[in-house]
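Pasting a structure below so you can have a look.
Chains here go by letter, A, B, C and D, matching the order in which they are written, and residues are numbered from 1 within each.
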Amino acid sequence: MTDRKMADNAPLLEVSNLRVAFPTRTGMAEAVRGVSFTLGREKLGIVGESGSGKSMTGRSILRLVPQPGRVTADRLAFNGEDLLAASPRRMRDIRGRRIAMVMQDPKYSLNPVMTVGRQIAEAYRVHSKAGAAEAKRRALEMLAAVRIRDPERVYDRYPHEVSGGMGQRIMIAMMLIPDPDLLIADEPTSALDVTVQMQVLAILDDLCSQRGMGMIFVSHDLNLVASFCDRILIMYAGRVVESCRASELHAAQHPYTRGLLASLPRIDEPPGDLPVLSRDPMWLEA
Amino acid sequence: MTARTDTPSAGWRDWLTTDTPQSRAQARLGRAWAGWTAFRRNRLAVAGLLIVLALVVVAALAPVLAPYHPYAQDLNGRLLPPSAAHWLGTDAFGRDILSRLIHGARLTLMIVALVAATAPLAGLVIGTAAGYFGGWVDTVLMRITDIALAFPKLILALAFVAALGPGIENAVIAIAITSWPPYARIARAETLTVRRSDFISAARLQGASSLRIILGHIMPLCIASLIVRTTLDMAGVILTAAGLGFLGLGAQPPLPEWGAMIASGRQYVLEQWWVAAMPGLAIFIVSLGFNLLGDGLRDVLDPKGD
Amino acid sequence: MPTLKRGLTLLVTVAVTLLGLLLVTFLIGRVVPIDPVLSALGDRANADSYAQMRTQLGLDLPLWQQFLRYVGDVLQGDLGTSVLTSRPVLEDVLRVFPATMELATVAVVIGAVLGVPAGVFAATHRGRWPDHAIRLLGLIGHSVPIFWLGLMALLLFYAKLDWAPGPGRVDVFYEGMVDAVTGIVTVDALLAGETDIFWNALQHLVLPSAILGLYSVAYIARMTRGFMLDQLRQEYITTARVKGLSETRVVWRHALGNIAVPLITVIALSYAGLLEGSVLTETVFAWPGLGLYITNSLLSADMNAVLGGTLVVGAVFIALNMLSDLLYRLLDPRAR
Amino acid sequence: MMIDIQNLRVRFGQGADAVTAVDGVTLSVREGESFGLVGESGSGKSTVLRAVSGLNDDWTGRIAVAGTEQGPKRQKGFYKLCQMVFQDPYGSLHPRHTVDRILAEPIAIHGLGDADARIDRVLRDVGLGPAFRFRYPHQLSGGQRQRVAIARALVLEPRVLLLDEPTSALDVSVQAEILNLLRRLRAEHGLTLVLVTHNLAVVANLCDRLAVMNRGRLVEEMSVDELRRGAAREPYTLQLLRASQGYDRATAESFRDYA
């Protein structure tokens, strides 16, 4: 904990000119085209439509881009350490222990044939020398920390036996148990109902601020990101077209961001045609 | 003008690969072309296709290609090793092994064609009906399929042949009767995955009849995996037919069936190895051809895998 | 309650399947162009004794009653008498069956021990040369006529190189020297303390079981690869990697844990397939098992023996299917 | 009344495992109205729609469409009256059929002549030119696919369009296009719309009236004006409203489960 506090003013993550490319029959296709940002101990939202490269940006930080994708960057550093140069062994140390990730749908992101308790305990044991009893104790504590009422009972459940909301809490417990510094949340609430969504976000919010974690929150939902995060990057076609403070999103400058905001229907507005986004080829370059 | 001289090929390629086809035929051909381009990149699959095509050509032109008559005996030239006159040697009756193999290709192709034309079709009808209608139709049809599937295929084929009498026709019947159940299973599984999909619901909401949905919507989606499975299975059919021939229950002498030829060479195998080895090689190559072809087709038609 | 209900469903399923098997063997027995009366009496029967025998065999009854009689007989263990050996078919089958089991068991062990790792390896190296090599080897394994391969192996390893013993379960010299306790010669030899015979029997076992196992390796490797590729695409695999698990643990613990159940089914099915594949292998290697028994009976038109053998193999098939179904329900948390 | 539903009940499964998906729902939709059915997953909103459409034939109660009482099995003519658009444009088009075939099929089933002209007209109607006619679904974007799905529903010239989360699988910019299209088509063809969604903002944009469902029951009905004013009476509706206004730490604390 003390190291962490000391490093508080240094950036947690530095990304400069990040590119992710996939070979196709006609050459390399770039999913991420030169993304740069730095992240402190804050909640950074990455917003964009499908195919904008937002998820791929999150995954490339953990070097989990599926084969045969290629990740390059001028700089991709976590706490000053070059992630692209890290050995696979070092990368495994970093994964989970320092950087964790929560994905969209717990139905798919939990191992269906292992009890949730063992999956959480496993996450703890990879990064510590703890014995089985200690790991179980910690896992039960963690389940309580994500506000699961009866941890003992849930511990022995299989993923198909829990609801979506509870599954996502379990996922959060599993990812936060090694006490990472950075959490990448990739559409963590998109598969959930709105009320459950809010409850899960509240848990994420509390745990992050308690532990002083940084968070990258990847989502397609502008309103949600604006209300949940501190800062926002807006991605279009593999690039960051605009970045702003969440509270100032309504004053966004880029026509793409403005177009997206305008095309959202609102409860408090009378029915009528919504402005349609017309895409400018220039945005691909900007 | 010069720029146009080399465009005809580029022209029809563009026509095939366009994203905006102008007619039904163009859309369909474009689709076939895309499949062929994907298939062509798998060299082993192309090799398989060539082997299967070669089998067809050899079978069609057997009398022209074979240097000797398949039944022509030469008792002075018995069990000759491979030579310029007899490329693959001669058998115990002095018959040219190459010529017999070439004529045997007709039998192999006939068996393959007959089984391929019956068993998958039966399986497709049974499987899609069971999967689409569900309920008791599914229970009854799948019970029957499971029973048939629980039988040892080869041994049941043996029992059938024993009952019907040895011979190539009965071997084909026995193989066809024992090989439909896996197709029914596959077709049913495919049907179940698409039955609840929205496009089937949409078709029902158009007022489409069950027959129209099964024939027009479900079967086309089952056919890809059935073609793959059938092609792969043809290797097994060839091996089973050869096995029956080997046991003396398939094609009867003097028919140049490859399995039976191995059986007749068996007693000489330690001295005149080629008599048994050559037909075995022929079986192996042709089965491998079907396997390679099926494996390549799977990549194109059914990328999900097994 | 649901467990009991499912158990009952399974029992009914098995019963119906067995009945179906019996119906098929029964019908095959009826269409055979051999007159069972004549084959019981010999050719010189007069009309009276013919009619008497017909009644005795129940052939004057309606077909469905004949079938019930047949089912009753089978349930009592009466599979008829073999014309060839003049012994009850069941006795014959029980005597030869252990030899087939020995062969198939060793083959399936070979298949699983080599096939599963090969399949996993191919899947984790998808699209690279180990994958292509394993895939090609698998296709080759599926393309070779097993009886021909047996012949060629005998030619090479026995006749030319003299590395392997010839056909049979033991050298002629040792035949009949140990009492058949289990009917499995290697085990019997060990039980009798005859290490020489054990080694000899083991040597005899190597070639046929390796050839039979080749087919099973190809099949198991292919299925394992397919299952594995499906799993490696899943999001929970990403989760396991995010946790910082080693690739070994991701593959062998998480992914393999999810395919264990279908894999067991595949191995059970391939075991069943090997029992049947033994028909041809046994013929080539003069292996006195059920396969050889059935083919010999076939060639002498001994229908009782053929159908009895078919019935036994079919019953073992059904038992294996049921077993893998049970295992599936026991092992997969989602099926409980 | 275009649609009149009385005491609709749908149960799935049998015996002890049975779940009541829809529990005594009564509602009606006037001709030409656009009606929203709102709820979270498992609320039974889609199940109501499937019962009305004829896709689910295992229900009790009374369903009348255009004054005609409907049984579990529908007459062929019903489908000319009432069509449906599904949520996922990737799953609702047959992957091996061209747009042409998808649109030609309903024409063939109902024996309407003049297929070419009808297909051209309906494609133009949904804002796709004739260039799209011979494409396969994989050659189309999500929004284009949803337009094709809408075209398929319109080709029979129905009076009622049932919409099952028609925009929730689409990006917001495409959602706006589809909502605008639906509004225009409704006006041009005098359609009655029933929209099932979890998104209150979409309802506010497209509908006149709405009903909120929770756990198979109808919680309350109101006009979209009332919704806009936040004039909901039931605590469940109020919670849903608050939840759709973005994240707020304090509000999240107050949420509770409604059974």
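The rule we apply is simple: a residue touches a chain if its C-beta (ideal position, glycine included) is under 8 Å from a C-beta of that chain, and two chains touch if they have at least 3 such contacts.
None of the values given here were measured: they were computed from a predicted structure.
Engineer: What are the mutual neighbours of subunit B and subunit C in this structure?
Structural biologist: Of all the chains present, none is in contact with both subunit B and subunit C.
Engineer: Between A-D and A-C, which chain pair is linked by the larger number of C-beta contacts?
Structural biologist: Between A-D and A-C, the larger count of C-beta pairs in contact belongs to A-D.
Engineer: Going by C-alpha centres, which chain is most central here?
Structural biologist: The most central chain, going by mean C-alpha position, is B.
Engineer: Please tell me the distance, in whole Å, between the geometric centres of subunit A and subunit D computed from their C-alpha atoms.
Structural biologist: Once rounded, the distance between the two centres reads 32 Å.
Engineer: So how far apart, in whole Å, are subunit A and subunit C when each is placed at the average of its C-alpha atoms?
Structural biologist: That pair's centroid distance is 52 Å.
Engineer: Suppose each chain is reduced to the average of its Cα coordinates; what separation in Å results between subunit C and subunit D?
Structural biologist: Chain centres of subunit C and subunit D, defined by C-alpha means, are spaced 55 Å apart.
Engineer: Chain contact graph: line, ring, star, complete or other?
Structural biologist: Graph shape here is a ring: one loop, exactly two partners per chain.
Engineer: What is the complete set of touching chain pairs?
Structural biologist: Applying the touch criterion to every chain pair yields A-C, A-D, B-C, B-D.
Engineer: Give the list of subunit D residues in touch with subunit A in this complex.
Structural biologist: Those in contact with subunit A are residues 40-41, 142, 171-173, 175-177, 179-180, 183, 198-202, 204-207, 224, 227-228, 239-241, 243-249, 251-253, 255.
Engineer: In their complex, what parts of subunit B are in touch with subunit D?
Structural biologist: It comes out as residues 19-24, 26-27, 31, 197-199, 201-209, 212, 216-217, 220-221.
Engineer: What residues on subunit C touch subunit B, complex-wise?
Structural biologist: 13, 16-17, 20-21, 24-25, 28-29, 31-33, 135-136, 139-140, 142-149, 151-152, 154-155, 159, 222-223, 226-227, 229-230, 272, 275-277, 279-280, 283, 294-295, 298-299, 301, 303, 306-307, 309-310, 313-314, 317-318, 321
Engineer: Which residues of subunit B touch subunit C in the complex?
Structural biologist: Interface residues on the subunit B side: 44, 143-144, 146-148, 150-156, 158-165, 232, 235-236, 239, 242-243, 246-249, 259, 262, 266, 269-270, 273, 276-277, 279-280, 283-284, 287-288, 290-292, 295, 305-306.
Engineer: If you look only at subunit D, which of its residues touch subunit B in the complex?
Structural biologist: For this pair, the touching residues of subunit D are 53-55, 76, 78-80, 83-84, 86-88, 91-98, 100-101, 105-106, 109-110, 131-132, 134-136, 139, 149, 152, 156.
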